[in-house]
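There are two complexes below, and they share chain A, which is joined by chain B in the first and by chain C in the second.
Presenting the complex of A and B:
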C-alpha cells in the first residue's frame, strides 16, 4: 500500500475539488481522502459498470463503434445529447460529430443553468471565481440553492467557512451568509436564525424587485406581503457588502420567466456595492460544454447544424426535439436523460435508434441499441474540465483501465463516420 | 370484508416542490438500481395536516398521479416548523420526473420544481420500483 502524495481532482460535481488524496494498492484505488460523500461515491466507481453491447448482446468495442457510426450515418437528424459528465476533449469531438451529421446538439444546461451561464458569457452578469469568493466575499447569498446537499464542500472550501486572505476572521465575524428559498433547507439552517428569507414558490421575481425598491430607498412591496422591515434590513446588509456574491441555484433559475428582474437587481446592487453571480452548475463539466460550443458556434446550447448554417433556439432543445419527435436517432454521452427528464418526454428515445456512452449502466442505457463503456474521467482517464465559475481544471488519470477514454471513443466514432 | 373498503380513500391535490439530497445523490452514484437509492428517492414529505387529511400515517404508501403518470411512494412528515399544507416536497429523481409535465410553454424547460399531483392512500401497495418507471 502506498499513499499517493499527488493531489487529484474529484469529478463528482462542478466544484472540481483539486485537493483529493488517494491510496492505491496494485494499481487500484483503495481509499479516497478529502472528498465529500458524493465525490467518494463517484470516484470509487459504480456497482453496475456498462458493457459493450449491440441490441442487448455483448460484443467487442470495434463492432459497437461501427454500429454506432452506422446509426448516425443513416440518421437524417440525430440528437447528440449529454456532455455534462464528459471531458472537454470528448465534448469537442461530439460537436464535430453533430456538425458532420447535421445533427442537434444539446446538454443538461438546456433545462438547468443555461440562462445564467449564457448571461455571464454574454457579459450581462458580473461574475468572479470561487477563489475570489474564498479570499474576499463578505456577503454570500444562496438563492434557490442548497450547497449543503448539492455541492457538499462548497461552503467549507470556498464560500462561508474558509479564512481567506481578506477574510481572516472567517464566518464568525467576516462573512454574512443568507439563504433565499422556498423552504428551510440544510443550507438555511447553517445561515442561522435570521439568515433565511423564505419566499413562496415562484415568488423570486417579486422579491428581487422588492429588494431593488429597498435599495433605492423605497418601500418594498410584494403581493405575498413579505415583511417589509426584513427586506429593508437585508437591503442594508447588501449595501454594506465590500464583495458580495449570489450563488444562483435551480430554485431561482426555474422561478424566473425571464432574466430581467435579476438584471435589475444585479444592476442596482452594483450601483451601491459590488456583487457577483456564480451559477451552481451541478455536473462537473456542464460549463465546459457551454464554453466549447460557444467557441464553435456562438451559442452555449440548443444548436442544430444544417450544412454551414447553425440554427439555435428552444425548438432545438433536447426537450422540444424529443417532444416534437424531430430527431430520428440519438447518441447520449455523459448523462442519463431517462433519470433526469420527464418520463413522458424521454419515452420517445425508445422509438429511435439509441447509442449510450458511459462508464456505468444508466436508466437510458437499459433501452439502448448500442452501449459503449468509457473510462471514468478523473479516475481512469485524464482530460480537462471547466469548473462552475469558468476556471479550467486539468484532470489526471489515477488508475489504469482497459476501457477507452470518452474522447477516444468519440474520436473513433467520428472517424468511422 | 369490512365496510371501509366501500369508502373511497380521501384525495388531496398537492403542489410538489423538488429538492436535492446528498444521501440520495450519493446512493444514486453508488448504485442507481440499488435499494438505498429507491428508499431515499421514492418518498414524499408532507405537512402533518395533509397526512391527517389523507387519513394515512407516516410511513404509509401514497399513490401520486396526474395526467403524465403515477407512482407509489412512501409518505413522511416534512419536519418543517412553518406550515405548508397543500405543498409537499419530493427529492429530484425518476419518481418525481414521472410526474413532471412535458409542456414547457415553448421554453424548453419543464416545471421540474413546481407541479401538481393528486394524492391518495395506497396502504399496503408496493413502492414503485425504478425499473417499473421506465
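Presenting the complex of A and C:
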C-alpha cells in the first residue's frame, strides 16, 4: 500500500477539486481522501462497464472504430452530441469530425447553463474565479442552486466556509450566504432562517426587478406580494457588499424567458457595489466544450457546419434536431441523452444509426449500433478540462487501463474518415 | 438531534417503574444518552396504543455502533462528504489553517475530521472542544451539516 501525496483532480462535477489523495494497491484504487461522496462514487468507476460492440455483438476496437467511421461517412447530416463528460482534447477532435462531416454539434449546455456561459463569454456579465470567491467574497447568493446536493464541496472549498486572504474569519463573521429558491433546500438550511428568500416557481424575473427597485430606493412590488421589508433588507445587504457573487443555478436559468431582467439586476448591482456571476455547471467539462467551440466558431453550442459556413440557432440544438428528425446518424460521447431528455425527443435516436463512446453502460448505449468503451477521464486517462468558472485544470492519470482515452478514440475515428 | 422533552412526550408517561428507572423522564434522559434502548420500556413494546410512538422513537434514536469516546456520532449513511464540518471545526482551523481551514485537503495529522472514501471520519476526538476539563458546548460541525449526519450523545 502506498499513500500517494501527489494530489489528483476529481472529475465528479464541474468543481474539479484538485486536492484528492489516493491509496493504491496492485494498481487499483483502495482509498480516496478528501473527495465527496459524489466524487468518490465517480472515481470508483462504473458498476457495469461498457463493452466494445457492433449491432449488439462483441467485437474488437478496430472494427468498431471503422464501423463508426462508416456510419458517419454515409450520413449526410450527423449529430455529434454530448461532450460534457469528455476531455478538452476529445472535444476539439469532435468539433473537427463535425466540420468534416457537415454535421450538427451540440452539448448538454444547450438545455443547461448555455445562456449564462454565453453571456459571460460575450462579456455581458461580470464574472470571477472560484479562488477570487474564496479570498474575497463577502456576500454569496445561491440563486436557484443547491450546491449541498449538486456540488457537495462547493460551500466548504470555495464559497462559504473557507478562510481566504481577505476573509480570514471565514463564514461566521466575514461572509453572508443567501439562498433564493422555490423551496427550502439543504443549502438554505445552512444559510439559516433569514438566509432563505422563498419565491414562487417562475417568480425569478419579477424578484430581480423588485430587487432593482429596492436598490434604487423605490418600493419593490411583485405580483405574488413578496414581503417588501425583506426585499429592502436584502437590497441593503447587497449594497454593503464589497465583493459579491451570484451562483446561478438551473432554477434561475429555466425560470428566465430571456436574460434582460438578470442584466438589469447585474448592471444595477455593479453600479452600487461589485457583483459577479458564476454559472453552476454540472458536468465537469461542459464549460470546456463551450470555450472550445467558441474559439473555433464564435458560438458556444447549437452549431451546424455547412462546408466552410457555420450555422447557429435554436433549430440546430440537439432537441430540435431530434424532434424535427433533421439528422440521419448520431455520435454520443460523454453524455446520456436517454436519461436526461424526454422520451418524445430521444425516441428518434433509436431510428437512426447511433454510436456511443463512454466508459460505462448507459441507457443510451443500450440502444446503440456501435459502442466504444473509453477510459474514465481523470482516473484512467489524463487530459485537461475547464472548471465552472473558466479556469483550465490539468487532469492526471491515476490507474492504468487497457482502454483508449476518449481523445485517442476520436482521433482514430477522425483518421478513419 | 432529538431533545429529551421530545423523547419524553413519546413515552407512556405513567412512571410505572417497570424499566427499573424511577420516572419516565429519567428513562428519557438515559435513552438520549444511549444508555438504554427503546425496547427497554416494556409497556411501549407490549401495548398496542403505544405502537406509533414506539416506531417514531426507534427512528429517532438511531443505534450507536460507531460512537466515539466523546459521544460524537457520524451517521455514514447520511453523510455526503461535503467537508463543511472539516472546514468549520475550530480545532481543525487551529491545527491546519492553510489546509483544512482554507477548504483544501488536510495537511496536518492533528485534525479532528477528515473525509475518506466520500464520508467524514472522526479522528483525534480527544482534541474536540466538547471533551476534557475546559469543555464547551461547541456546535460548529452540527450547524454546518446539510444532512444532519453528525450528532453528539
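Things worth noting here:
Rule of thumb we're sticking to: the second predicted complex is superposed on the first by the 417 of 417 C-alpha atoms of A that agree within 3 Å, B and C clash if a C-alpha of one lies under 4 Å from a C-alpha of the other, contacts with A are read in each partner's own complex, and residues count from 1 in each chain.
The definition used in the following text is that contacts are C-beta pairs under 8 Å (C-beta built on N, C-alpha and C of every residue); 3 or more make two chains touch, one makes a residue touch a chain.
Note that the structure is predicted; figures quoted are calculated from it, not measured.
Superposition of the two structures on chain A shows chain C fitting alongside chain B with no clash. Once the two structures are superposed, chain B and chain C can be ranked by residues of chain A touched, with B on top. Shared-chain residue A:19: touches chain C; no touch with chain B. Judged by the touch definition given at the top, the superposed model places A:41 against both chain B and chain C.
When the two structures are aligned on the shared chain, A:32 is found in touch with chain C, with no touch to chain B.
Once the two complexes are overlaid on the shared chain, A:189 sits against chain C while remaining clear of chain B. Residue contacts after overlaying the shared chain place A:339 against chain B, while chain C stays out of touching range. When the shared chain is aligned, chain B and chain C each come close enough to touch A:152. Using C-alpha centres, the superposed arrangement gives chain A a vertex angle toward chain B and chain C of 60 degrees, stated as a multiple of 10. In the superposition on chain A, A:198 makes contact with chain B only, not with chain C. Think of it this way: put the two complexes on top of each other by chain A, and the tightest Cα contact between chain B and chain C is 7 Å. Taken together, the two complexes place residues 36-38, 40-41, 148-149, 152 of chain A in contact with chain B and also with chain C. Listing the residues of chain B that touch chain A in their complex gives 15, 17, 19-23, 25-34, 68-69, 80-82, 84, 87, 89, 93-94, 97-98, 100-102, 104, 106-114, 130-131, 133-134. Residue ranges of chain A in contact with chain B, taken from their complex: 12, 36-38, 40-42, 44, 46-48, 110-111, 146, 148-150, 152, 182-185, 198, 201-202, 250-251, 254-255, 302, 314-315, 317-320, 323, 336, 338-345, 360-363, 366-367. Residues 7, 19-21, 31-41, 134, 148-149, 152-153, 155-158, 161-164, 170-171, 186-187, 189-190 of chain A are the ones touching chain C in the complex. Those residues of chain C whose C-beta lies close enough to touch chain A in the complex are 79-84, 86-88, 93, 97, 101-106, 114-119, 144, 146-147.
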